[in-house]
Amino acid sequence: MKVIRGGTVVTASDAGPADVLIDGETIAAVGRIGDVDAEVIDATGCYVLPGAIDNHTHMKMPFGGTWSIDDYDTGTQAAAAGGTTSIVDFSIQVHPDGLLQSLEEWQGRAAGTAHVDYGFHMAITNANDATIADMAAIVDAGVTTFKVFLAYRGALMVTDDQFLRVLQESRATGGLVMVHAENGDAIDLLVHQALAGGQTAPRYHAVTRPEVFEAEATGRAVRMAEFAGTPIFIVHVTCRAAAEEIIAGRARGVDAIGETCVQYLTLDVDDLSRDGLDGFEGARYVCSPPLRDRSNQPFMWDAIRLDHLAIVSTDHCPFNDEQKRLGLGDFSKIPNGLALIQHRVNLLWEHGVREGRLTPSRAVELLSTAPARVFGLTGKGSIAPGKDADIAIFDPAREHVFSKATSLMAVDYDLFEGRRTTGSVRTTLVRGTTVWDDGKILTQPGHGRFVRRATYGGTD
Amino acid sequence: MKVIRGGTVVTASDAGPADVLIDGETIAAVGRIGDVDAEVIDATGCYVLPGAIDNHTHMKMPFGGTWSIDDYDTGTQAAAAGGTTSIVDFSIQVHPDGLLQSLEEWQGRAAGTAHVDYGFHMAITNANDATIADMAAIVDAGVTTFKVFLAYRGALMVTDDQFLRVLQESRATGGLVMVHAENGDAIDLLVHQALAGGQTAPRYHAVTRPEVFEAEATGRAVRMAEFAGTPIFIVHVTCRAAAEEIIAGRARGVDAIGETCVQYLTLDVDDLSRDGLDGFEGARYVCSPPLRDRSNQPFMWDAIRLDHLAIVSTDHCPFNDEQKRLGLGDFSKIPNGLALIQHRVNLLWEHGVREGRLTPSRAVELLSTAPARVFGLTGKGSIAPGKDADIAIFDPAREHVFSKATSLMAVDYDLFEGRRTTGSVRTTLVRGTTVWDDGKILTQPGHGRFVRRATYGGTD
Amino acid sequence: MKVIRGGTVVTASDAGPADVLIDGETIAAVGRIGDVDAEVIDATGCYVLPGAIDNHTHMKMPFGGTWSIDDYDTGTQAAAAGGTTSIVDFSIQVHPDGLLQSLEEWQGRAAGTAHVDYGFHMAITNANDATIADMAAIVDAGVTTFKVFLAYRGALMVTDDQFLRVLQESRATGGLVMVHAENGDAIDLLVHQALAGGQTAPRYHAVTRPEVFEAEATGRAVRMAEFAGTPIFIVHVTCRAAAEEIIAGRARGVDAIGETCVQYLTLDVDDLSRDGLDGFEGARYVCSPPLRDRSNQPFMWDAIRLDHLAIVSTDHCPFNDEQKRLGLGDFSKIPNGLALIQHRVNLLWEHGVREGRLTPSRAVELLSTAPARVFGLTGKGSIAPGKDADIAIFDPAREHVFSKATSLMAVDYDLFEGRRTTGSVRTTLVRGTTVWDDGKILTQPGHGRFVRRATYGGTD
Amino acid sequence: MKVIRGGTVVTASDAGPADVLIDGETIAAVGRIGDVDAEVIDATGCYVLPGAIDNHTHMKMPFGGTWSIDDYDTGTQAAAAGGTTSIVDFSIQVHPDGLLQSLEEWQGRAAGTAHVDYGFHMAITNANDATIADMAAIVDAGVTTFKVFLAYRGALMVTDDQFLRVLQESRATGGLVMVHAENGDAIDLLVHQALAGGQTAPRYHAVTRPEVFEAEATGRAVRMAEFAGTPIFIVHVTCRAAAEEIIAGRARGVDAIGETCVQYLTLDVDDLSRDGLDGFEGARYVCSPPLRDRSNQPFMWDAIRLDHLAIVSTDHCPFNDEQKRLGLGDFSKIPNGLALIQHRVNLLWEHGVREGRLTPSRAVELLSTAPARVFGLTGKGSIAPGKDADIAIFDPAREHVFSKATSLMAVDYDLFEGRRTTGSVRTTLVRGTTVWDDGKILTQPGHGRFVRRATYGGTD
């Protein structure tokens, strides 16, 4: 048994001083814990938070002829260092007929390597009969969410009839459908036109993926769900125009749930024009949808404050400079993705809580409780008896400097190099075991386990 | 010490089996509680809920020459019988210059009589210099919310400049402004016209207070707050048109918080045409804003499910048939208000949770956690260590029949007479003391205490 | 020379008594015309209207293995009988590479056969390089509008990148893009599912093309134009949800122009369930998008009154019962289209003007002036000097009964059989020649000429 | 008889070369006019426009202890010099009970003095029984429009019940209600606060009348009309937020008609900070609602192009510098109003037509045809037989420099001093008589006549 003493326990509902008694992997009690025979973890002066959940990561993911550079070992070390105790990673359908083989491959890559718990979403890239037929089995396997891409034509994109089939089947199985909402056809054209016109630098990645096509695809996805009578989850909303389509759908009664990522709150499109690395530094900031004009940010903060958007994740998908250089002379070949999993909690606390935009409870809801509820991580997302003892101890006085030197992410740079926060994650426990403490990873690969997830309850 | 054993503890964040240890008035711990020297309350098979908070009640309120028939004794007995452990009642400014004397009068009427805890809002009816000058003192007294009426011309209504002064001062003091949003000028005209035209029956109450004037005033209130840079709380939203003004304001970044009341989800305008009591039964259903066409109800359920509206209260304001008969021959003299405080939890659970529209956690949020957060009841609204031991034990198998016979409300009828629910509140504790158990009130008047409330944190 | 005397001349701007002097094919003067050596056409008691323009017809169109039953002879006789003096018909790209050959074929079919003037839109079904390259030549040929279908997958549908290319090129050439806005992918799925489930009757045509997919595609089309910086024309808007997407786009500054068709104002989805003809009568009412629930109609009338929608056309595309029976046992094989060109003016006058929803000037604008302006029929659309003498003399006292007996349309039934109007077109002139008078066609095929159209001026 | 030869006649429907034959006061014919015994006015190279109608002027109006400096003589000379052939001026209810006496006073001041035709709106400032009872007589007198002010508390403002009574009675009489939509109560408070805080300069006029309170009052007015089942006319819309309330109302089916004024398209809030005249030059630019941030202007141009707003007027209400100086040291005492009647046509043509935002026909619609239709000037607003021969001959090649030297407005400055346009009104006829030609006024006071107006037809 362990007991965390002296901290301020924060849940999405409330915050106050309390001890947390852990029995094995589970929280046994919260409150005034008398003398018990237990290892004491001192949390004086600290917030005791439910471990953060990052429901949007891509570890060891094949993309554009390479693989994202974090595997489930390095990536989950970084997660733990940043207070994240569970991830839900994307298994991608890489075989055209059916889903089970692809899931097995992802399970295989993750097995025995992770430090924090992990689940999978199943991304459907070919929604034919065989694939649809597998969806129930995937849900039965505890993979209760399906993702479709309306972008990446020729690679991941589904057509709207495929999308609708997935929604229909998800209605039957209880699975929740997640959507990457950008208009892949239109973007594909713009990319070809840009390249044909000699516009090859990283910043054209953003030029060719304008806000309007994110808004369009978002509105389309919401309409699809409206017809299917299902909820819908819109991943990585970046801008006002797209968020307004979600608001409009919700006003019509659609349970449209939107997520944004921490980069859309803290970085912007000008980062794609950074001129280091012989003019190619901007490639590090290439992700999809792209970083946006910073004029969107006040709205985006309002959107997470007022619950127009329910979750802040990372879309962690890291690539080294060498990998990014695949796109030298052709921005469309730059692997898409940012290295962020370690930084989310610190960034959201700094700019959200410390700067007065969010209460601690709302931050916890965005980082942990809402992802747990939406994604069926029934044992996680709060500090409550019976829950897994997934806990982040956050020291609000601890100065933190983002740096490659302190990053556990496998990339050879840090996007926030030199930026500072006051407040940082000090200690991270996953199912009662301390994974990260004061700068060190204490577990071996394999401590993290696959989590079977429940289906979404249908109420946001 | 007491321990509630064997139940399923539900908070806004999560739900699961847990014991609750109570030390004196406070929750000491939640979880696996070993052997302790404590009175055991068995909650096997039951939900253990945070005591419900009714932030919208009118006990012993002067209205139209009479007084609402429940005082703080009977009204809070009924509250407890319905699982409500705190109310926030309205103190009305009945003296033109300043607020303190009015508050004292309300404090005096409540002192020593209540069974559950209570706070006050301060309704401002004359926002002159003396009144504005008192606002800070009112906040200091723990009355952190101010209400203005845009309706009831000649009685309670403020003009928009007064409204704006209240918003400005609330910005300075941290007080949250609540608004009764109906256009009093327009309604006043329609009432006079109806009476002049011989339309005197209760149903003309609804005819003369149409949805469009609620929508108008709601939009106006949101715009006022938008200018003032403050949050705004819209009480008793009844219909889609009004709710859409809130949604529009929130989309513009205004922290506009809407409440509906359980009657707008379960009764409708046709109830005003009930023909019992020699054609005057409809008078029992007269409240403002009025019950609406039932075509609004699916939207209203969506609105509380999707958090367009944040709270479900009652606007409890009971009048006997004899009092209602003040409006015989003139609907405008029917005292406005319904007797509902005892029924809210059962009704919302039946039609919300049992019928699949709400999760238990969302119901708890609507009934307790959100009111606590918005209204600064920092010691209430959740089951967590350090919180007041305000608890409702809800037995989902218990059959309940609404009836005058089982109502503790002072009115001589029951609006839901004969309607049934499966599931009912069995036991209610207020600060560790059992107030209601299995059909009986166990406390004496005065158990309930005045609660000083904190200011709204500014994040919804 | 001819002079029309004694009537009330109605234009979109005004209405008043005036004579109209015609010199050859052209209006020479309007007003008080003294003694002139001219044939007198008496219009006493009648409205003298600009000839109606039907910008949405399909004569002799290949569809689903058959051809629409009106050719440019019968179809334009019916047009003239209904007061329509110009049509803009759809030439369909039936050859994959380029547009010119298809246009030539359509020109060939029409040449020498029509009684009223005609232009062509060019429907693009394969927007490849060769096709895009032809667009400028098409515009030069006086065919200044291009249509794309977001429906009819596998037949006419374009993908969004093709759509965008057409928009981009239209921006360069000045061509206006028209969109059939239904989501073809989603509909295709629903159709297959319905047929697989044994739902084969005509009414399933409507079930499988729900409003939400029209709204979706409408919103998508508006977003595409928003990006391209072009105007966009949405054909045959049927319902509130779709019209609201147009309103939203216009509020963002997009010049999105919507058209509805007279059937969406006067028929409804229940007509698809008509049980005559051994249960197959409903097939006569199969068009796309389908007829809608009649609850849309008050909004649709508001929409044309308040200029949310700018034009009322017919989408005339007639098929005999025998042709409709291609879909016996499979609604998806029912040729889509209604026979309506003769009835538009009478229907809009009856239900619009006579019933008080529209002024005569607004009716003229919807039927003639707006189509002329939007579609570049610079010589038409008004009664003004220099304009073609295209005139409909409408007798408001003339009783009319819709009937196969009086229909000049080639179909073997009349959709409105037995319905009556008070007021009917008495006489129709095209470029100064009387084509229709008092029940008779007076011209030979070939009187109608191809009209080269100007490009849209870009201001609605 | 006169004949205008060689010009391009522009109406709201079309534009083309035509002669205009005038017989006495009336247009006899338009088109090819052969040899007639008539005075020839050469319009070669010019546009022949329907005389502009300015439906929003304040001649000789009492305001804040002074009178607007133009009377019906000087003001209508300036009107004619700017191509405006009719004005609809505001008669203000200056006697509390009833309207007739006030109208008589206005009629008396105007009688025998004007050069162009004029009508009156009746502004209602005290909607009591006597006043309402007079409305029918006012309509019978040809004054078919009523204005209410939601601003100017203590002077002109009506309460919402008064507003509603006016709407109800207007529904009965056919009168159209116009609204000055700013929240007078809120503004009144802000003005007092600003002055109390020493903020006395002209620019605080704008600070104390923010956009949000215009948007609020606009939304309120639309809701009022929605309830009353009447159309509503919103005068001088200045900004996006207010226009969006009109768009929203129209989308709900309300016939809400919006007007903007040429100053909101061409001047902006920074003009209130002009520092000439010892820092008081900004006072010249004080009007209500105030000039806005120029970021609104692209939207405002879209709004008139896309018919979200239907009319561009001036709200002409001129005050000399000496009068403006009444507000030295107290901006609230600066007489509100701008001198603009002479400049509207030239400005709208320059920035609208010449710069490509509007077609000539749309400009004519905004300046003349729409005001004529909405305000029941049945004999005006177009160039058509039977219409009054009110004509502006506009020479698109004529260079014009705005200047006090060439202004006929009575103020001792010109707001646009030194700004240039290419294109200017050369000749203006009112009922067949040339009032203005090539820089000179040719008529005597009294040529202009009172115009009885019809009621609004109810269709926008």
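In order of appearance the chains are A, B, C and D, and numbering begins at 1 in each one.
In the analysis below, a residue touches a chain if its C-beta (ideal position, glycine included) is under 8 Å from a C-beta of that chain, and two chains touch if they have at least 3 such contacts.
The structure presented is a predicted model; accordingly, all values stated were derived computationally and were not measured.
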Via touching chains, subunit A connects to subunit D in a minimum step count of 2
Shared touching partners of subunit B and subunit D are none
By Cα centroid distance, the chain farthest from subunit C is B
For the pair subunit C and subunit D, the C-alpha centroid-to-centroid distance in angstrom is 38
When centres are defined as mean Cα positions, the distance from subunit A to subunit C in whole Å is 50
Between the Cα centroids of subunit B and subunit C the separation in whole angstrom comes to 56
Where subunit A touches two or more other chains simultaneously, the residues are none
Every touching pair of chains is listed here as A-B, A-C, B-D, C-D
Subunit A contacts subunit B in the complex at 9, 11-14, 16-18, 21, 23, 27-33, 244, 247, 250-251, 253, 255, 298-299, 302, 305-308, 357-359, 361-362, 365, 369, 373, 381-382, 384-387, 457, 459-460
Residue set of subunit D touching subunit B in the complex reads 153, 159-162, 164-165, 183, 185-186, 188-190, 210, 212-213, 215-216, 219-220, 223-224, 226-227
